[in-house]
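Okay, so chain A shows up in both of these, paired with chain B first and chain C after.
Our next item is the complex of A and B:
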């Protein structure tokens, strides 16, 4: 039996259109997606009508704070919604549902965006609202874009680090970070080195890492299926402070005798963190007997991570890696529209009192009604 | 919540163009719980075309913070109304 996805189609219409609003961290995204009736497949793909994003960028050495991020979202949300509607060339009456990120994420930014969602839904003859789990948004968009049908999902971003596998209508967490997220670890190290946050701190670390040659010794902290990163960050932060602090101390590579550079630090940090991710992902593949890996989340756009994952997966029979580019990897509105629309098509709508956002919202809390495999 | 009376109170009245807009504003603001319910409470309602927000708090400091947050949200609501009210049947450009 396959899931009937068309019980809720508007009479006389052959498609659905959803507006998605995302604002759980420093990206504000609005997207419009279109599904034609019938199950999604290689021949019936979701259609991205627009995908607009505006990022709140802080000066080098500074992170984004909830209050300031919320202010950024409030300043831009209406303009970005308008831009997304213009680019999609749709009008309000075309929209089947308005989807918004209900969590997890930063409280104030989430709340500032849901206010716009609620107002717009009511203004336009009570368009149904659909609350979406941010992680589910990443997973479903990744599956749709890459065509991976049942992959092990590595979800790596500024706020999350999880290895996920689907089983019995839930995306189940196999392994995750025990403390900080991988993107948070990279971003904070970027702050230590005062690397610019434009376009993204992780991107700048990646570029510097390409020039690194010497691998320094860092702690390796896989704990079963989970991993810990705050100790590594503390260690390398200390090292960077010793090297570039008030009394700079030269650190020499033991093998070549050459001095260690900031590029070497970026390189070493990436190598050690990504090796840990590869290890737990490989173990998850063995557990669920899968040979597909889908990488989603902002850190997923890192090409070195994709390359290392590829080396691991190539050794497995029919192994395949799926990744998307920055349009879909980095937080965006379209993934919220897509996952929300799937949920809407299986009957989810949130009453207005049921649209309160929550900072903690685990991936496995969501019942995946639209899959039955 | 009405049974507890806190020492400080303030009423904010925001006039909208229509009663429908005021109702929408009240129901957009209502769902979100207040962060420190034992220190401050807010009640939203509409009266014809007016949005009425009633604040009660343990101190003037707390009330100021709460009012400031609500005003920020009202600004988003008003901007939404300005741009989108009555325009569900038109294309934007």
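Our next item is the complex of A and C:
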């Protein structure tokens, strides 16, 4: 990196501290990050001072609604911020900038968190505010944690499914879902089967899938570097309703003659969806002549997906895979703090009347001023 | 490309000299100087042939893997045969081995000055990196873009869908574009499917050749429209209007989709 990141350092200070607030979906995350001056490198890593998260969990069979999720965030935001500051051992006035998720996400939860950000900024002597694109937060944090330098990014979460690569100061979207997101597909299937939402529906599907043996036939819908999942969900939902609905119907595996279990359904759904994900990622790799993959987003913490990606990348020359664990994969405040701080260090901040959240905010809309390769 | 894959293809095709051309997402593409049976007089290039091999993918469940590899190899071979009959530029098929997922085909394209194969993508990248900005949008580029649009127009007039249109899946043979890679191809007369096909290309151009993407996409659609006008007796004008209308819907869907989490 040859971009000068220290034009805006406070006189006499050798470091920056940023507070990040994330609340675009059912997770409320607060993180404090520290950058020392100078470009980020292997020897000058960003330092995580605290990373606290609280998840709004709904009963089995129910999703999280915007209004209730916003109420959860409003309820907890002060307590979580206090906890994060204590853990980081800093005062509000030590902070250089307050970063918040500006989008994409659910409107009401986003708004409740941005109000907290605005209030704090004014309470603590007008600290600058920085609006962060949620997806960029995932990508930058993933790069920082894993050290991946210029990877193809597979971003898979409850609301997003995108294959992204960097080119000319933007993260460009090469492939994405044409309808619903992968996490959404898994969550909705979990609801059909009444799989608990604690700790996360996707996690419980993953555990059940480990016990599945029989593969049922599902559609496979890759379109170039894009994919479509609503048809698969409709198909398997119908099957699950037939099998476990009011008039249960027994479905038999064609090969072994054994009955199909809910575990088999989870197994089959994961196998088919993840095959599609790995395929579109490989297509993007081949298209941009890259051999590094970085997986980010909540679904990225799935071990089966990571394993499949690894098997794919092993067959490519010098292939490398980077993935993070649940602390950084699942929505968190620290990634917002990190990406926001990079923005701040290149002089991009938001005036208070410019801090309106947006539910739709494309990854490629953001100008990546802190990279110039 | 790793040793495991080299061993696999060498097991299938012993004593055939193979030189890797590219490793795509689902297939390995080799070039060879050996024809599997005879030199065919109609082939443009009689010294070089392409061998396309779909290795099994260890990450996929064996059942999914076998079914995908088989249907794609068969589908691709049939699609290419049909394209040949219709006279739509694409490599001619030489031989197919379904059980091993291997297709032999005609070698199209040439080497660019920097040694890369003359795909549409590599050529545009070459211009972007080595030539002036004016050169990237000169008359020749305009001609090629329009020809690519015409080629896709012909394909769609025959209710054929490529399924993976990107600038790397178009090969330039003496600046005449030819389509390759039909693993995701299908047949459909629906304006929706054609619009998605165009949208995939539009997005690929946007992300791969971002500097002049609007100009390129404009020319591509111009060529696409002109071929439909030529076929106006077969309902080309109407089909064009329908597809373009759908394309606008698909674009909107792509950008406005709710994105949570």
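Note that the second predicted complex is superposed on the first by the 372 of 373 C-alpha atoms of A that agree within 3 Å, B and C clash if a C-alpha of one lies under 4 Å from a C-alpha of the other, contacts with A are read in each partner's own complex, and residues count from 1 in each chain.
Heads up, the rule we're going with is that a residue touches a chain if its C-beta (ideal position, glycine included) is under 8 Å from a C-beta of that chain, and two chains touch if they have at least 3 such contacts.
Quantities reported herein were computed from a predicted structural model and do not represent experimental measurements.
With chain A as the common reference for superposition, the partners chain B and chain C occupy compatible, non-clashing space. Once the two complexes are overlaid on the shared chain, A:120 sits against chain B while remaining clear of chain C. In the superposition on chain A, A:32 makes contact with neither chain B nor chain C.
Looking at the shared chain after the overlay, A:145 reaches neither chain B nor chain C.
Of the two partner chains placed by the overlay, only chain B lies in contact with A:356; chain C stays clear of it. Between chain B and chain C, more residues of chain A are touched by C. By the touch criterion stated above, A:77 is placed in contact with chain B alone, chain C being left untouched.
Once chain A of one complex is fitted onto chain A of the other, the partner contacts of A:368 are absent, as it touches neither chain B nor chain C.
Once chain A of one complex is fitted onto chain A of the other, the partner contacts of A:298 are limited to chain C, with no touch recorded for chain B. When the two complexes are laid on top of each other via chain A, the two nearest Cα atoms from chain B and chain C are 17 angstrom apart.
Residue ranges of chain A in contact with chain B, taken from their complex: 70-71, 74, 77-78, 82, 85-86, 89-93, 111-112, 115-116, 118-120, 122-125, 352-356.
Those residues of chain B that touch chain A in the complex are listed here as 24-25, 27-33, 72-73, 75-77, 79-81, 83-85, 87-93. The residues of chain A lying in touch with chain C in their complex are 24-25, 104-106, 157-160, 165, 167-168, 170, 172-174, 176-179, 181, 183-184, 215, 220, 222-226, 271-272, 275, 278-279, 282-283, 285-288, 297-298, 307-309, 311-312, 314-317, 331, 359-362, 364. Residues of chain C that touch chain A in their complex: 1-2, 4-5, 22-26, 55, 57-61, 63-64, 68, 121, 163-166, 168, 184, 196, 200, 203-204, 206-208, 210-211, 253-261.
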